[in-house]
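Letters A, B, C and D name the chains as they come in the text, with residue numbers starting at 1 for each one.
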Amino acid sequence: MLKVGIIGATAYTSLELIKILLRHPEVKITYLGVRRTDRPKISDIFPALKNLLDLTCETIEQKEVPKDIDLAFVTLPPTISMQYVPLFTKKGIKVIDFSADYRFRDKSLYEKWYKAQHTDSKGIKTAVYGLPELSRNEIKKTNLVGNPGCYTTATILALAPLLSKGLIYPEDIIVDAKSGVSGRGREPKEDTHYCECNENIEAYSVGSHRHSPEIEHILSIKTNQRVSIQFVPHLIPMNRGILCTIYAKPKDKTISDNDIHKIYNGFYKNEPFVRLKEGNEFPKTKDVIYTNFCDIATKVTDNRIIIISAIDNLIKGASGQAVQNMNVMCGFDEGMGLL
Amino acid sequence: MLKVGIIGATAYTSLELIKILLRHPEVKITYLGVRRTDRPKISDIFPALKNLLDLTCETIEQKEVPKDIDLAFVTLPPTISMQYVPLFTKKGIKVIDFSADYRFRDKSLYEKWYKAQHTDSKGIKTAVYGLPELSRNEIKKTNLVGNPGCYTTATILALAPLLSKGLIYPEDIIVDAKSGVSGRGREPKEDTHYCECNENIEAYSVGSHRHSPEIEHILSIKTNQRVSIQFVPHLIPMNRGILCTIYAKPKDKTISDNDIHKIYNGFYKNEPFVRLKEGNEFPKTKDVIYTNFCDIATKVTDNRIIIISAIDNLIKGASGQAVQNMNVMCGFDEGMGLL
Amino acid sequence: MLKVGIIGATAYTSLELIKILLRHPEVKITYLGVRRTDRPKISDIFPALKNLLDLTCETIEQKEVPKDIDLAFVTLPPTISMQYVPLFTKKGIKVIDFSADYRFRDKSLYEKWYKAQHTDSKGIKTAVYGLPELSRNEIKKTNLVGNPGCYTTATILALAPLLSKGLIYPEDIIVDAKSGVSGRGREPKEDTHYCECNENIEAYSVGSHRHSPEIEHILSIKTNQRVSIQFVPHLIPMNRGILCTIYAKPKDKTISDNDIHKIYNGFYKNEPFVRLKEGNEFPKTKDVIYTNFCDIATKVTDNRIIIISAIDNLIKGASGQAVQNMNVMCGFDEGMGLL
Amino acid sequence: MLKVGIIGATAYTSLELIKILLRHPEVKITYLGVRRTDRPKISDIFPALKNLLDLTCETIEQKEVPKDIDLAFVTLPPTISMQYVPLFTKKGIKVIDFSADYRFRDKSLYEKWYKAQHTDSKGIKTAVYGLPELSRNEIKKTNLVGNPGCYTTATILALAPLLSKGLIYPEDIIVDAKSGVSGRGREPKEDTHYCECNENIEAYSVGSHRHSPEIEHILSIKTNQRVSIQFVPHLIPMNRGILCTIYAKPKDKTISDNDIHKIYNGFYKNEPFVRLKEGNEFPKTKDVIYTNFCDIATKVTDNRIIIISAIDNLIKGASGQAVQNMNVMCGFDEGMGLL
């Protein structure tokens, strides 16, 4: 049994991570770390876990690494995470980090967007971006994975086939993204007050969301061209789920729906967690929430290709993907605990 | 034109109050007071008011009373309110107070439940409980109204006819109440986080909600008997609306649906804001939200009378009722601005 | 008092229309027509109207026109509406039609999209498109208004200033639209089942929504150029409200946020129902629902202008706009009953 | 591997059942039957199942029994179910029936409430009521289980400890129940239209819900006394979850919270799916949805005991409980596939 710890156990993503890990036959949760000192039981923080996991959360310290861990899921916020991750990797403990701290190969890009100096230069250089559909072989060999953002996952999986084949203009892409409220985190703020979110839709961070450079950075590296996107996220009155509606311009205006379907079918033919929709069926977030699936459909119109993708932001956009990465890193069946 | 001020302008109830007052033909809002010092425009706090009311909010002070006000709506929290109300009443300004500070005739009862000494003994003694359906004549003559709580309004209107006629046992009453989230106020807390409220229902303050003594106190006074209720409130994933399902025991077991309908029809026959439902139709909160109506239905079963009432907690449960009280106090048509 | 009738009284838009008209000081509802024969009271169909309007609905017939009507709001479905409208106009009764039957100047375009022959050639030719912000003078003089679609209103108001000034490429516009469920009508279908809509977002009619040609048609006429849009609507788990996120390409890449703000401020400076947002504030549907406002914000990014608009689909997108049109047609103050 | 079939595969409960069975290590779904003739793939009906189960649904006929089934889950509506169940039992196939057809030992009671003659007298006599917490030993030995209703499960589990010990008056019990909309089934009706349910709460079937006699019948049998309840269900704007707030009268007025906790802890001490809450924590439906748990809390007040229970109506209230019953019937670990 692989012994795993969660560093930052009180996040919404951690709750989902725990639920998945409890169903995983090869894993045992041996440690839960929190940045508070009162040592609560995890089932007091999340009563949903009562009778399932009644472990006490330990206070994480910046000097010590908990014993008895083979792999750590770090679910701390960006800029905090990099203070802890090196402690684990130095001891030979595998790490899957949920923050943005290990998602960029370009340190200066990170520092520009996260407005902080990156203190783990070695880590950021060696970390692998944990999107198994694009980097499975690198993930197999690494000890440090930067787990992708939720919007990023939905967008990259939607665009990778077309960009890889050079079929669309890489600098004329619009991503109109819609997310449930759990994407805003668990801290109570005016933004997340029930009466502010319910019966409301709004755009936010227009022209300045941090997932925008992450998407461009990764797609540029993975498809060998300068990719530039226009990204606008919206907040939707639902707990979980992301839908991305993407507008791309084909280089060849005679390309057909059928052509595109073939490309996507080829690109994702062996992927257990990508499902393609055809025949005027389009993704619904309700079909992917509580699962690790990404559903994708495409539609050719007059002078655009529309690509629509849906994921659960907490699962394929965070905790499910992290477990998928763990499975790849540790040689387990990739769908273990996730199907 | 009556010049009115709102003391505590940033509450959800104040937004609703402003919207109603803007449609009232005899009233002009001349003052908005807040307990902060940055003098925001009300339309910056509530963008819904842009182009409708762009007044600047003034900092309220405990010594001065704003000039140019004939009537003040005080929407401050309990225990804070009583620090301001006497300043207004002393100057001859009419006051309608939204907190619990002027709802109890019995000072000690207030002090027990609100865990604070009441500092305005004269006010609490002379204030009139502002439920026009039960106290219209007293409201006409007073300068100080204690505006009822939301659960209280829905419960008292549902029970008053039966208790007044002595038809049910006054100490064997169960009130199972359900409220939308705006009832919890505008402050962001874990309790009001979207993801905690959405797709969830829960009971709270079981056996200890502060509206419970208010209901008992007022019903006892108004119906001349010791009324005791079992009150359990629940939080419902919706913005606004309250439904109370009330279980009472008839003294006469042969009483019929028809008998009860006659009693309610008689009791409320001239009331503009009470609507009675018959023939197996029951109140839905969606029919009363954004209105000042209270919808009520009754049903006789084996050994109980079930009474169901619905109001908008922010309108008939707060701001609409306050305007109704103002109309009564000032001799306007009672439905002015409210229909 | 203007005597008005509603032909098709059981639609969601009719309920909103009735509520507005009841507050309108110059109007009396004298007739409600329905396409069923059981003559229900309107307050039985919509219990929210109890005590407000208890009128009996009459069965509409294709031969007779109800007496005692000065103006008819026709809220029947497309292709049905044109069977009734001419009966009214022939008698000199003013008509505001909610369907698409009188929105197109080009009969063949209508027939292509609505898959039916248009049987009122004279009507479709003389009808005025009822968007007061663009056609106020024509509306003043007409007896027959085609009331705009909801998506159409939000999109046209967002784009008109830029297109009128020739500042964006008219054939490179993307409209990503999001609507509450009331936009789908009142008929129970799998699509509108609570459990299918709640906790879900999905795109629909991708590349084939009927509001797409309406938007292109009207914008082309009004701004004298061939406008072509890419329109994708989405269904959002909320009752009402539309948000349109629009991506346009500026002809002059050096155009600034400030330039754009000036243009919008100039274009809409005397409009009572258009509110412009600046300074990184963006529209929220919660600020416009239950009102006749359209809130608009713009943002210049690298190579796009993003325009975001929000309306209540049932008010500014239907019934409020119809009353605004009535006010213009009848010489009432334009905001009467709507503010 | 146990070969199971689902008869009535298009219900919401069937979707949940399939998801659970796919994770069950000892079971294989070999047959899906539907009452329509077009033989759809289950993943076309429920796109959420794509890549998980792409089985074709077969048309069920009243004469033949599908081959290759060891156990049948029958999810047909009441009065239809009993036309199919005997075909299976006769062939020695185990049956777990979701309708009310096999929940009553008293045929006449069933016939009164379901307004139909019961055509399987032998079945109704021998069927076991499938609430493992109360009837585990009988379930072990039977071939035919009547799976309990959702409200019934939540109510019986809440009341059984107190009634079994004779601590409350069995004829003075009030059950105020609240359910998500999936409890109303998948058929589109005015009742289940999104805009009718969202932002609304209402009571329904006041004094006449069919779960009322089921609760009384089973509790009377299981606790050897005539139990009579006052049951009022409410519809809550959420997809799934039931909360029951129950008001009972203690025979001994000196009974304490602590006494009650001991009784519940004793009664449920070995139950894997009942979780008890203490210390002023009360059940929230969000903690039990997507699980087979029933959370219960109690509170003693002046002259009542309040018991609150929460389940997922589709899991512990239907499909999860059915799998729990299957596990008991087949000798599998009781939590298999459910934890």
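One rule holds for everything that comes next: a contact is a pair of C-beta atoms (placed from the backbone, for glycine too) under 8 Å apart; a residue touches a chain by one contact, two chains touch by 3 or more.
Quick caveat, the model's predicted, so the values are computed rather than measured.
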Candidate from A-C, B-C or C-D with the same interface as A-B, over half of contact pairs in common: C-D
From chain A, the most remote chain by mean C-alpha position: B
Whole-Å gap separating chain C and chain D, where each centre is the average of the chain's CA atoms: 46
Distance from the mean Cα position of chain D to that of chain B, given in whole angstrom: 39
Inter-chain centre distance, chain A versus chain D - centres from mean C-alpha coordinates, in Å: 37
Set of chain D residues in contact with two or more other chains: 196, 198-199, 237-239, 284, 286
Graph class of chain-chain contacts, one of line, ring, star, complete, other: complete
Chain D residues touching chain C - in the complex, by the definition given at the top: 12, 181-182, 186, 188-190, 192-199, 237-239
Touching residues on chain A, where the partner in the complex is chain C: 174, 176, 178, 180, 196, 198-204, 206-207, 228, 230, 232, 234, 236-241, 243, 245, 247, 280, 282-286, 289, 299, 301-304, 306, 308
Complex contact set, residues of chain C against chain B: 22-23, 47-48, 50-52, 199, 272, 275, 277, 281, 284, 286-288, 290-291, 293, 295, 339
